[in-house]
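Shared between the two complexes below is chain A, which pairs with chain B and chain C, respectively.
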Partner chain A sequence: MKFIKKTIPLLIVFVVGVLSLISYYVPHKTSVNFIELMSKWENIVSAFAFLLGLISLFFSHYHKISRKVDGWGYSIFVFIGFFAIIIPAILNHGKSMTAAGPTSLGWAYSSIYTALSGTMFAVLAFYIVSTAYRSFRIKSKQAFVLFVAAFVLILGKVPLGQIIWTSVLGWTHVTVSTVIDWIMTVPAVAGKRGIMIGIAIGAIVTSFKIIFGIERQYLGKD
Partner chain B sequence: MLKENLQKFFKIDRRWIFLLLAVCIFVPIMKPLGLPNKTIAPETKRVYDYIEKLPPGSFVLFSLDYDPSTRPELHPMATAIVKHAFRKNLRVGVVTYIPGATGMIEEIFETVGKEYNKTDGKDYVIFPYMPNIVAAMTQMASDIYGMYPMDRNGRDTRTMPVLDGIKNYKNVSFVVCITGTAILDYWVAYVGDKYSVPVAGGVTAISQPGYGPYLQTGQLKGLLGGMKGAAEYESLIQSPGKGTSGIDALNLGHLLVLALILTSNIIILIVKFL
Partner chain C sequence: MIKNKAICTLVLSIFTAGAVFAAKPVPAAKKTPPPASVAAISGFTAADMPYDVGGAALLRWPVNPADTPDTVYTVYTSTLASGGWVKADEFAASANIGKDVDMPFWAWDGSAGEHALKVELNSFFGEVPPEASYHFRISSSEKGKLAAESLPVEMTTKGNWFRLDRLNNLVLLVVIIIVFFWAVSHAKRKGLFIRRIAGLDAIEEAIGRATEMGKPIFYLTGTQPMSTISTIASTLILGEVAKKVAQYDSYIKIPHYDPIVMTVCKEVVKQSYMEAGRPDSYREDHNFFVSQDQFSYAASVDGMLEREKPAAVFFMGYFSAEALLLAEVGATNGAIQIAGTDAEGQLPFFFTACDYTLIGEELYAAGAYLSGEPMLKSALKVQDFGKLVVMLSVFFGIIAVAIGAKMHWDSLVHVILNMFKAY
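For the complex of A and B:
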C-alpha cells in the first residue's frame, strides 16, 4: 500500500520534474514535444480540478443548508448565483453577444456578475479611507518616511494634486513627477527587487525539495 | 475641554467618513471638474510609441486578464490600446486566463470593432479562456494552434486570415497584458525573457510600483498604471473615455484620504502637547 500511496507518486514527481527542468534548457525537438504533451495534460488536469472544486463547494454549502448552521441562508445564494449564470450559458451555448445584441448570458454577466463583483471591490475603498483615518499614526521615524512617500505619491497621481504641488512648491522648480520618479526607480525598486530575489530563491529551493521528495506535504497525511 | 473635544474626532462614526467619500466620488462623476491631465508618465508613452512604430499588419497579442472587480481601472486602458491597434491597422489576437474577463472582451470588440469597421476572424481573433496559464504560454512558443485550434466560437483558427503566417511567438510583434493579477509576471518570465518577445503591461494602481524592476531592466517595454494610466493613454490617442471621466472622482478621493490622514495626525500632535 505504501508503494502505491508514497513511492509511485514520488517517482512520478521526480521523473516529470527532472524532465521538465531539462526540457526548459534543451532546445531539441524531443524536449519541445515533451513540454507540449505536459502542457496539454496540465490543461486537462486543471479542468478536472475545476470540476472537483465545484463538487466540493456544492457539498459544503449543501451540508450547511441541510444542517442549518449559522449563516446557512448565505449558502442558498451560492446555488442561486451558480444557476443564474450556468443556465443562460447552456441555453446560449456560451455566447454572451450575438449580432442582435447581448444574450441572456450577456445580461446575467453585466447585470449580475459585474454588478456584484464591482460592488464587493468598491466597498473596500470605503473601509480603506476609514482605516487610513483611524490607524495611520506617525509614531516613529519609519512611519514618517512612509507617510511622506505615500503623501507625495498620492498627490502626484492625480491632476488636482499636481496643481496643488505646483502652486505650493513651484518655486523649488522640482516637479512632483521628478520626486515620484525617484521614489519609484530608487527605493521602491530596490525593495521590490530584494523581495523578488528572495521569492525566486525560495521557489527554486521548494521546487527542488518537491522533486527530490524532501517536501511531501502535498501527498497528504495518510 | 479642548483635548476632550479633539479626541471625539477619533470616535467619529465611520459612516460619516463613508458619506464623505461617497460625495467625493459621486459629485465629480455627475458633474465632471474637467481638470487637465498635465503629465504623461514615460512608461505610458513608451507603450504608445511602441505600437505607433509597428508597421500595419503586425500581429499584436493581447492578454486581457481582469474581472469586473478591477474593471474601472483596467477596462478603459484595454479599450484605449485596442483602439490604437485598430487605428494602426494591426492584426489583433486576444487570450485570457481569467474566466470573468470573457464578457468584457466581447464588449470591447463589439463596440471598438464596429467603430473601426473590423471583422472577427479577418482583423482580430478572440481565443477561448484557458485555465492553465503556464501550459498555454509554453505551448504557444512552438505552435499556437496546438493550444488554440479553435476560437471562442468554435471556428477553426488555422484558416483565419487574421492568423495568416502566425505560428508561434516568432511571428508576434508585441504582447500587451492587462491584468489585476500576477499574470503579467508570467508573460515576462515565460515569454518575454525566454523568447525575446517585447512585452508591455497595464495594471491596477496598487500593483504598479511592483513592476519597477522589470521596467528598469527593459523586460517590460512600458506600463500603464491604474485609471491615470488609462486617462493618459486616452489623451495620447486623443479619444477621451471612461479613464478620463473617472480621473475626477479619483482626484477628490485621493485628496480626501490625504486630508483625513493629515487631520488625524495633527490632532494627535495637538492632544499630545495639551
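For the complex of A and C:
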C-alpha cells in the first residue's frame, strides 16, 4: 500500500520534475513536445477539477440557503448570476457576437459581468486612500522614511506640489522630478531586486525539495 | 478674299506640317548599357542555428570594407534550389555584425569582420519539418542599384540537444544541487540554527485569539494555480496552520480561487486534522470554491469577512490587485492578519494592511520553519548559501567591471557580463 500511496507518486514527481528541469537546457523538439504534453495534461486535469469546484460552489451556497445562515440571501445571487450567463451561452452556442450585433450572451457579458467587475475594481481606489492614511501614521523610523518618500512622490505628481517645491526649494536647483526619478530608480529598484533575488533562490530550493522528495507534506503522512 | 484663302492655306499648312512632324517616330533613346556583371559576395555560408529547436538558419559572410552607409543587404530564402525566392530580411551594412550577436563568449565566436544573421524559417514557411533543406542568397545594393550578389547556398535544419549558451546557468544549478544535498546530509547529523520569523511565531497567537473569541479563521491560498511555487508553499503552511486549528478546536475556512488547489487543500487539511488527533472535527466545507474570476473572488471573500468578522486572516500565496481589496476589509473588521507573498508589487499593501508580512522567500521557508523537521529546515541553509553567492558575485562583479571599464579592459568586462547574464 505504501508503494502505491508514497513511492509511485514520489517517482512520478521526480521523473516529471527532472525532465521539466532538463527541458530548460534541451531545445530539441522532443523536449518541446514533452512540455506541451504536460501543459495539455494540466489543462485536462483543470477542466475536471473545475467541475469539482462548481459542485463545491453549488453545495456550499445551497446549504447556506437551506440553513438560512447569515447572508443567505446573497447566495441566491450566485445561482441567478450563474444562470444569467449560462442560459444565454447555451442558447447562442457560446457566441457573444453575430453579424446582427451582440447576442444575449454578449449583452450579459458587457452589461452584467464587465459592469460588476469594473465596479469592484473601482472600489480599490477608496481602499488605497484608507491604506495610505494608515501608512502615513508615523509610528517608527522606518514609517517616517516611507512617509517622506511617499510625500515627495505625491508632491511631484501634482502641479500644485511642483509649484510649492519650486517656490520653497527652487534655490537648490534640484527639481522634484529629479528627486522622484532617483527614488524610483535607485532605492526602490534596489529593494525590489533584493526581494526578487530572494524569491528566485527560494523558488529553486523549494522546487528541489519537492523534486527530490525531501518535502512530502502534500502526500500526507503514512 | 484671295488674301484670306492664302492665310487659311498657310495656317492649314503649318498645322499639317506640325502633325506630320509630330507623327514622325522619335529617335530611340540612348539605351543604357546592360549592367556589367555584378560583383560576387564570397564567403557566404548558411548553417543550422545552434542551440535551438531546429527552426532557424544562421547566415554568415565577411564584412565588405567597400560598403558605404548607403549599402543595403537583402536576404532571400527558398525551399527550392532555384526560384521561389522570398525576401527574408533587409538591413543596412552596419547592422547584424557578428560580435553583436547576443550570445556568450563560450558559445559564439563572432567577430567584427563578419555579418551574422538569424533567419526564423517558420516566419516564411510555417512549421519547419526536421532535416529540411532551405536555400539562401544575399545581395547588396547601393541606392537601389544592385552592387553584389552571392551564389545560393543550402542548409539543413536539425534539432539541437543542448543550450550551450545556458552553460553558466547549468553550472550554478549543479553547484546549488551539491550544496542542497550537503545541507540535507548535514541536517541529519546535527540540527541547524534558524532565525526567528515574527510573522510565523504570531500564527499560534492568531489561532489562540480566534479560539478565545469563538470566531473563524480565514486562510486564502492566493490566485495562482497549483503549479506555482507560492501556491505549493501556501498549501504546506496550511497543513501546519490547520493542525494547530484542530488542536485548539477552532474553525478554519478556506475560500478557493482554483479548483485544483481546493482539491489538494482538502487532503492537506484532512491530514492535519488526523495528525492532530481530531478527525471528528474535520468538515468537508472547510474548503470551498468561490470563483475563478479575480474580482468576483474578491467581492465574495470581502462579503464573508464583513459578515463573519473573523478573528484571524491568513493571506499566503500570490495575489494581484485583489490583495488590498481583501486585506483592507480584514483590517477594518479587526482581524489579526498575517500575509506572505512573492508578488513584490503587492507587498506594500500587505505591509500597511496586515499585522505581519512574510516577504517573498520567507513564504517558501514558512512550511519548513513551522514543521520543525531538520530535513526541511536544512533547505533554508541552501537559500542562505544562494544569497551569499549572489552577494559576493554582485560585490566582486561590480569591482571587476568598474576596474575593467576604467582600464579599458573590454574583454574582461565582456567575460564578466556574459557570465552573469541569462540567455
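Details
Operating definition for what follows: the second predicted complex is superposed on the first by the 186 of 222 C-alpha atoms of A that agree within 3 Å, B and C clash if a C-alpha of one lies under 4 Å from a C-alpha of the other, contacts with A are read in each partner's own complex, and residues count from 1 in each chain.
Heads up, the rule we're going with is that a residue touches a chain if its C-beta (ideal position, glycine included) is under 8 Å from a C-beta of that chain, and two chains touch if they have at least 3 such contacts.
Computed from a prediction, not measured in an experiment: that's the story for all the values here.
By the document's definition of touching, both partners, chain B and chain C, reach A:M120.
Contacts of A:E215 after superposition: chain C is touched, whereas chain B is not reached. By the document's definition of touching, both partners, chain B and chain C, reach A:K192.
Of the two partner chains placed by the overlay, chain B and chain C both lie in contact with A:V32.
Once the two complexes are overlaid on the shared chain, A:S130 sits against chain B and chain C alike.
Look at A:S46: by the touch rule set out above, it reaches both chain B and chain C. Shared interface residues of chain A (contacting chain B in one complex, chain C in the other): 32, 42, 46, 50, 117, 120-121, 128, 130, 132, 134, 192, 196. Of all residues in chain B, those touching chain A in their complex are 10, 14, 17-18, 21-22, 25, 33, 35-39, 41-42, 67-72, 100, 102-104, 106-107, 110, 130-132, 134-136, 138-139, 142-143, 146-147, 152-153, 205, 209-210, 212-213, 216, 226, 228, 247, 250-258, 260-261, 263-265, 268. Remark: chain A residues 21, 24-30, 32, 42, 45-46, 49-54, 56-57, 59-60, 63, 70-71, 74, 116-117, 120-121, 123-124, 127-128, 130-132, 134-135, 192, 195-199, 201-210, 212, 214-215, 217-218, 220-221 touch chain C in the complex. On the chain C side of its complex with chain A, the touching residues are 51-54, 130, 159-163, 166, 169-170, 173, 176-177, 180, 184, 225, 227, 229, 232-233, 235-236, 239, 256, 258-260, 262-264, 267-268, 271, 274-275, 285, 287-296, 298-299, 303, 307-308, 321, 324-325, 328-329, 331-332, 342, 344, 347-349, 351-353, 359-361, 363-365, 367-368, 371, 375-376, 379-380, 382-383, 386-387, 390.
Chain A contributes residues 32, 35-36, 38-40, 42-43, 46-47, 50, 94-97, 106, 109-110, 113-115, 117-118, 120-121, 125-126, 128-130, 132-134, 136-138, 147, 151, 154-155, 157-163, 175, 177, 181, 184-185, 188-189, 192-193, 196 to its touches with chain B in the complex.
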